[in-house]
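As written, the chain order gives the labels A, B, C, D, E and F, with residue 1 at the start of each chain.
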Amino acid sequence: MKLGICVLEGPYQHEASDTAYNFAVAALEKGHEIFRIFFYHDGVNNATRLMVPPQDDRHIQQRWSELAEKHDLDLVVCVAAAQRRGILDEDEMKRHGKDANNIAPGFRISGLGQLIEAEIECDRVVFFGD
Amino acid sequence: MKLGICVLEGPYQHEASDTAYNFAVAALEKGHEIFRIFFYHDGVNNATRLMVPPQDDRHIQQRWSELAEKHDLDLVVCVAAAQRRGILDEDEMKRHGKDANNIAPGFRISGLGQLIEAEIECDRVVFFGD
Amino acid sequence: MSEVKNFLYVNRKAPHGTIYALESLEVVLIGAAFEQDVALAFLDDGVFQLVKGWDTSELGVKNFQPAYTALGDYDISKVYVERESLEERGLTEDDLIEMTYEDEDDDWAEKSSIRIVSREEMAQIMRDSDVILSF
Amino acid sequence: MSEVKNFLYVNRKAPHGTIYALESLEVVLIGAAFEQDVALAFLDDGVFQLVKGWDTSELGVKNFQPAYTALGDYDISKVYVERESLEERGLTEDDLIEMTYEDEDDDWAEKSSIRIVSREEMAQIMRDSDVILSF
Amino acid sequence: MAMLHTVNKSPYQCDTLESCLKHVGDGDVVLLIEDGVYAAMKGGKAAELIANANGVKICVLSADVKARGLEGKLIDGVEVVDYGGFVDLVVETDKTQAWL
Amino acid sequence: MAMLHTVNKSPYQCDTLESCLKHVGDGDVVLLIEDGVYAAMKGGKAAELIANANGVKICVLSADVKARGLEGKLIDGVEVVDYGGFVDLVVETDKTQAWL
């Protein structure tokens, strides 16, 4: 089946991001297709490559990036939510005259239409938030 | 009176950061001293200089930085919470081998002891969170 | 993307306390550009999003209430508000903002988009929709 | 920094759902290095932080329950747990982890740090503390 | 057409489960996740609510039950599922509503 | 020694105000902020709770009341304060506890 996932909370602060990740892994193991994972609200903070969690804890960004690479997943970060919260890729950095960017490999920044498209294209979309 | 403030939630996602800011402004207007504002949990995300909110909305990082400059405030970001969430200054960037940093002017990264010290030194410390 | 789906946006949170209300509204506005059948549901604390008379100047945040009022311009004409949720909060329809649309089947007459429904009807509206976006 | 203050850490949230429990504990551990009089209060869903038998392997997060058990090594001997909060959740003291400290006034005898108190006593503990850290 | 409802809040802190159960239909499934699993505790506040949820299947996510030390403390009849079981529930039902 | 208690959750969603009011003492002040201000609505769920809070002063933060369109909808006797009034309450009381 074709599944979509929407993540509305940030890493570590709220369990939603863990639940979404574990759900995604299980769905892939069951042979389902994940059409897109859309990061919205504080969910966009999952996408920063600058995080340095304690060594004995999970690395939330890294495991998203690795999952995306392994399964060719489409990890989309909402541009409007990302701008508010300071998640930028190189294009956004230049466009807004900022001196740094922080997006991690495997994530791309795009518009809210990508969430709507996922709702149209997928058989199911599951939301994880607070 | 000597006041301390602790902010536990991120910008835009939760009102706690707005309440803390408005409280700080009012306290300064009343002539109180703000010994320190300590950013913990997702509160550390107030400190990223990469945020680009919509033009017709408040700029949460910028107004903290401006308030700090105007009143010589001590804005402290908890290092452990900041590392987890990808808020780094130049030292932290180098120490962890990262290629970018994102802390805004007026904020400094330090340890949790700074919160304890604020509790000891201040007449009152007020918490803002979820 | 040929098939039209019934979209239901479910709003259960109060405004301002968190960004859920505002960023939900932003999805609705963007989603309106897609050719889908869109409806909004307000229940539990979500009904507070429609209480009229916001003045956000002292709080210092953007007042996004006008955007709700403008939803009619985006061809959104189905706004379901749960009666029980209103009653439990001491609210009536008179406390809510006006939301209108122009009915193309009735010579573009201006009509209210707000439909007060019972909890049972709200449950049925959820069941009848194809996709639910929860904020 | 001469004066010793009574610190009370108030924990009202369940573990894992949010980071409040974990990051509160981190403050307690750091704060123990300062020469202050420290006590912990667990009430409402905060009592769930002390329910024993966590196995976080399937969830994939760090199990920080051992750190509560180690608080005695940090000279933290006052852990107040509200009886009414336990009862409302169908819990008894037997459901909680063991937390002990060595009593220097009693030949370093090992004693339980957990003190089950009534809601009224908890309110008094809050009033008697100099500073309250709320997580 | 059955729905899957996810509830992630503690019943002691929030009224989410109660609102959810007022909107379910016959054949629906309610999956308790994250702090929502506390609702499945024997002798707890939500026990009666769950006992009265006729025609609705109540499930809990095992990872969240274990992480909180709740194994052996659950109401009889509540089904424990792992993340794979969560995925199955999403697939078997018509759509999923997250009661955030 | 009086305490200031801040409550920032809607009484419909969370039990925070209820728990707070079970722990207050004579002379304490409860300040409703953020979504907590919904508790001060006339005819609402928390109206009785607030009416029975003897010996405790209940205040609401004006910025949050206005932002939510609640002016004119408040329970009689609830005091409206601005951010400056919030600061005064912090200073006048012995300490502040945030009921997060």
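Assume a residue touches a chain if its C-beta (ideal position, glycine included) is under 8 Å from a C-beta of that chain, and two chains touch if they have at least 3 such contacts.
These figures come from a predicted structure and were not determined experimentally.
Visitor: Spelling it out: a chain qualifies if it touches chain A and also touches chain E; which chains qualify?
Guide: Output, common partners of chain A and chain E: C, D.
Visitor: Write down the chain pair with more C-beta contact pairs when A-C is set against A-D.
Guide: A-C
Visitor: Taking each chain's centre as the mean of its CA atoms, which one is most distant from chain D?
Guide: The most distant chain relative to chain D turns out to be C.
Visitor: Interface check for copies chain A and chain B. Shared numbers divided by all numbers used: above half gives same, below half gives different; which is it?
Guide: Same; most numbers are used by both chain A and chain B.
Visitor: So the centre of each chain is just the mean of its C-alpha atoms; given that, what is the distance between chain C and chain D in Å?
Guide: Result: the chain centres lie 43 Å from each other.
Visitor: Could you tell me the distance, in whole angstrom, between the mean C-alpha positions of chain D and chain F?
Guide: 27
Visitor: For chain B, which residues are shared contacts with two or more other chains?
Guide: 8, 12-13, 15, 22, 41, 54, 57, 80, 125, 127, 129-130
Visitor: What residues in chain E touch two or more of the other chains?
Guide: In chain E, the residues touching two or more other chains are 8, 12-13, 15, 34-35, 63-64, 82, 95-96, 98, 100.
Visitor: Name the residues of chain D that each touch 2 or more other chains.
Guide: 13, 16-20, 44, 59-61, 131, 134-135
Visitor: What are all the chain pairs that meet the touch criterion?
Guide: A-B, A-C, A-D, A-E, B-C, B-D, B-F, C-E, C-F, D-E, D-F, E-F
Visitor: Quick one: which bits of chain A touch chain D in the complex? Just the residue numbers, please.
Guide: So the residues of chain A touching chain D come out as 12-15, 18, 21-22, 54, 56-58.
Visitor: For the complex, which residues does chain D have touching chain B?
Guide: 1, 3, 5, 7, 18-20, 23, 26-27, 30-31, 33-34, 36, 131, 133-135
Visitor: Mind pulling up the chain C residues that touch chain B in the complex?
Guide: 16-19, 59-62
Visitor: Going by the contact rule set out above, which residues of chain F touch chain B in the complex?
Guide: Going through chain F, the ones touching chain B are 6, 8, 33-35, 61, 63-64, 82-84, 86-88, 90-91, 95-96, 98, 100.
Visitor: Show which residues of chain D lie in contact with chain E when the two form their complex.
Guide: 13-17, 44-45, 48, 51-61, 63, 88-90, 95
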